[in-house]
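Next up is a structure, given as structure tokens.
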Amino acid sequence: MSRRFDGVLFTLAVLLLWELLYRVVGSSGLSSPLATLGAVVHLLSSASFWKNVSATAEAFAFAVAFSLLGGLAIGLVLGLSRFAGDVFDPILNALTAIPKITLYPVILLFFGLGMEAKVAFGTIHGIFPVIILTMNGVRNIRPVVRKAARAMRLTPAQTIRTVLLPAALPEIVSGMRIGVSLALLGTLIGELFASDRGIGFMLIQSVEHSDVPTTMAITVLLFAVAVIGGIAMLRIDRRLHQGG
Amino acid sequence: MSRVTLARSALIIGAIAAVEVCCRTGVISHLTMIPPSAMVVAALRLLTVGAIQRDLLFTLTNTAAAIVIAVVAGFVIGILLNAVPRLRRIVDPLLAAYYAVPTFIFYPLLVAILGLNRAPLIAIGAVLGVVAMTVNTLAGLDRIPRVYLRTAAALRMSPFATALLVQLPAATPHLVTGVKLAVSYSIVGTIAGEFILSVAGLGRAMSLAYNNLDNATMYGLMLILIVTVTLINLVIYEWERAVHRRWGLR
Amino acid sequence: MDVALEIEGVSHTFVAEGNGTPVRALDGIDLRLAPGEFFSVIGPSGCGKSTLLEIVAGLTQPTAGRVVFDGREILGEVPDGVGMVFQEDASFPWLSVWDNVAFGLRRRGTDAAETKRRVDYALQFVGLADFARHHPRQLSGGMRQRVCIARTLVLEPRLILLDEPFGALDQQTRLVMGEELLRLWRETGATVLLITHGLDEAAMLSDRIGVMSARPGRFIETLITGWPRDRDSQVVNERHFGELTAQMWTHLRAESMRSIGT
């Protein structure tokens, strides 16, 4: 009971801080919570907003598909072969640490402006956590589990399907959770540079037109979607880890 | 040299060689990408001619500032949350979901508050890195073996002495991991900002070169950026491994 | 009888984390230890013996009763002159063996020369003089426990409390470490209170053994071993050893099954 009360208190504190910040910075920089709410309502009821949402969603869906499927396949291969995994581990770590945004001009040169570039951008962001966590999940399966599978004389396909994948599932799902979040990030960033439609595009447009309420409204909506989606995925993740 | 290192070196060299060949033979058009060897030449030229040095300094100092803020603030917030469990319970889900949020969406906000200068770049870098440090600080404090605290109590140590001489050293491996991640994320935030906000720095220079269809400069800058970032991360990564080994965790 | 440690009517109830139900850990413990006595407490899992040790050490305040050490009541803080050895490895991985052993002395402000003298002696005593510059990660489990024992030895405690100190070691190492413990006891002349699971350990090491019931813990029986002070692990060959373990098991069998839930 007290926890929910604390949560409400915390939210009120944040809103208060927001209002104060608005009073300090002025309406050329921020818009008040109330004005932002108005802008959010306006957005949600405008047809152009939803067209942009579907453009982003389409690119996002492709990026997620490539990241998850590609990441899973590569991660499994690298996880099953100790040698391949050892070879690629530092390479993957180094690639993950590179800010993908330094590659955006290269992506644009290869794919041109448009959907392919956005999907490519989303994919290079989302695929690495899936690869790395899938690989680690398979590598970290306790040796005794694999020994048990051999003792039961399972075929390689059976072993992967009935023993290895379930054993590595919690970590694979963690990787996918992070991959989905990063794929969204990549798609949105791609829209900042490579598109004339989508939520990212809307954001940059409203900034360029100094339309502060709309900028904040989009920010708030993205934030809400990301947080809610993130918490939902975390719940699934946590339940898998507890059961496993 | 082990089999693994050999295979890895062969793989990397082979990949670069393949790209070089494709570029030189026109499989990849020179309008799209220049050969890796040309990238190296361009990078060296940029570094020695001088115009890039100001941008490089700008990027590095922003990154350093963001890292310092992220690490210090992250550590302090971690300690605070550990000391006030009620606050921690509220903030925990936010910390967990933090990296699901595309933090760059706050750039316009930060520019509005801080102006269009280096401040929002440092701010975003710090904001991106701070939670990684906080989460790892909390993990480090949580995972201190209880027997160490009982040992300190059995030795009649004061809370302050316990914190400084037992808790802090015991949590160090996790703190170092936090620094590693904070460095990684702060770099991403600061550099991404340079692309999006176009104030100054290597990111902006790369953006300009792209718009001017100056592939040589653009790829040269990209190489400099990638090599710099990789070197920084490599150094930190090795430091983390050394600390973990010394603490007996590897 | 001269009394070094007196436990009077100690009972302890605590609230379990998670579901908040009260747990009665100890039920009216009375015990008097003579100075320099070696006393073992043996009982089934979860019977409260570790809780008892924490209360004696001053780490936990009992909900009823009191503990008097050296004529002074223990009230919420660890008294001077008490040394503790735990089951888990308490050696600090970031310090060398030498610095680990010196740790307690440095906290007390002992001067460098005296610290060096005591630490060098303690390391020699536990047989780790050659490993002074090593780090715990380079040592086996048994060696790390010896580091912890050395760390206690240098403080010249008058009361040594041990909570299943060899629980994480294999059986044969346990017997060897038992002899180390006896040497430590004779060297310091301290009063020793040992908590253990092992019947043979209790029978081999102690002057007296307190057999504890399942939770809530109370003493069912106190056995006197009658061993000479300069004993070692070869007492296991004595007939009396077998009688002692048989006696303990007679009591403990029922209690252990109760605590497991059969």
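Lettered A, B and C in written order, each chain numbered from 1.
Here, a residue touches a chain if its C-beta (ideal position, glycine included) is under 8 Å from a C-beta of that chain, and two chains touch if they have at least 3 such contacts.
Note that this is a predicted model, so its numbers are computed, not measured.
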For chain A and chain B, chains touching each: none
Most widely separated chain from chain B, with each centre as the mean of CA atoms: C
Central chain (distance from its CA mean to the mean of all protein CA atoms): B
Inter-centroid spacing, chain B versus chain A (mean Cα positions, whole Å): 18
Distance between the centres, which are taken as Cα means, of chain C and chain B, whole angstrom: 48
Centroid spacing, where centroids are CA-atom means, of chain A and chain C in whole angstrom: 53
Residues of chain B touching chain A in the complex: 3-4, 7-8, 11-12, 31-33, 86, 89-91, 93-94, 96-97, 99-102, 104-106, 108-109, 112-113, 184, 187-188, 191-192, 195-196, 203, 206-207, 209-210, 215, 218-219, 222, 225-226, 229-230, 233-234, 237
Residues of chain A touching chain B in the complex: 3, 6-7, 10, 21, 25, 28-30, 83, 86-88, 90-91, 93-94, 97-99, 101-106, 108-110, 178, 181, 184-185, 188-189, 192, 203, 207, 212, 215-216, 218-219, 222-223, 226-227, 229-231, 233-234
Partner chain C, residues of chain B touching it in the complex: 145-148, 150-151, 153-157, 161, 165-166, 169-170, 172, 246-248
Touching residues on chain C, where the partner in the complex is chain B: 57, 59, 77-78, 80, 82-84, 86-90, 92-94, 103-104, 107, 135-137
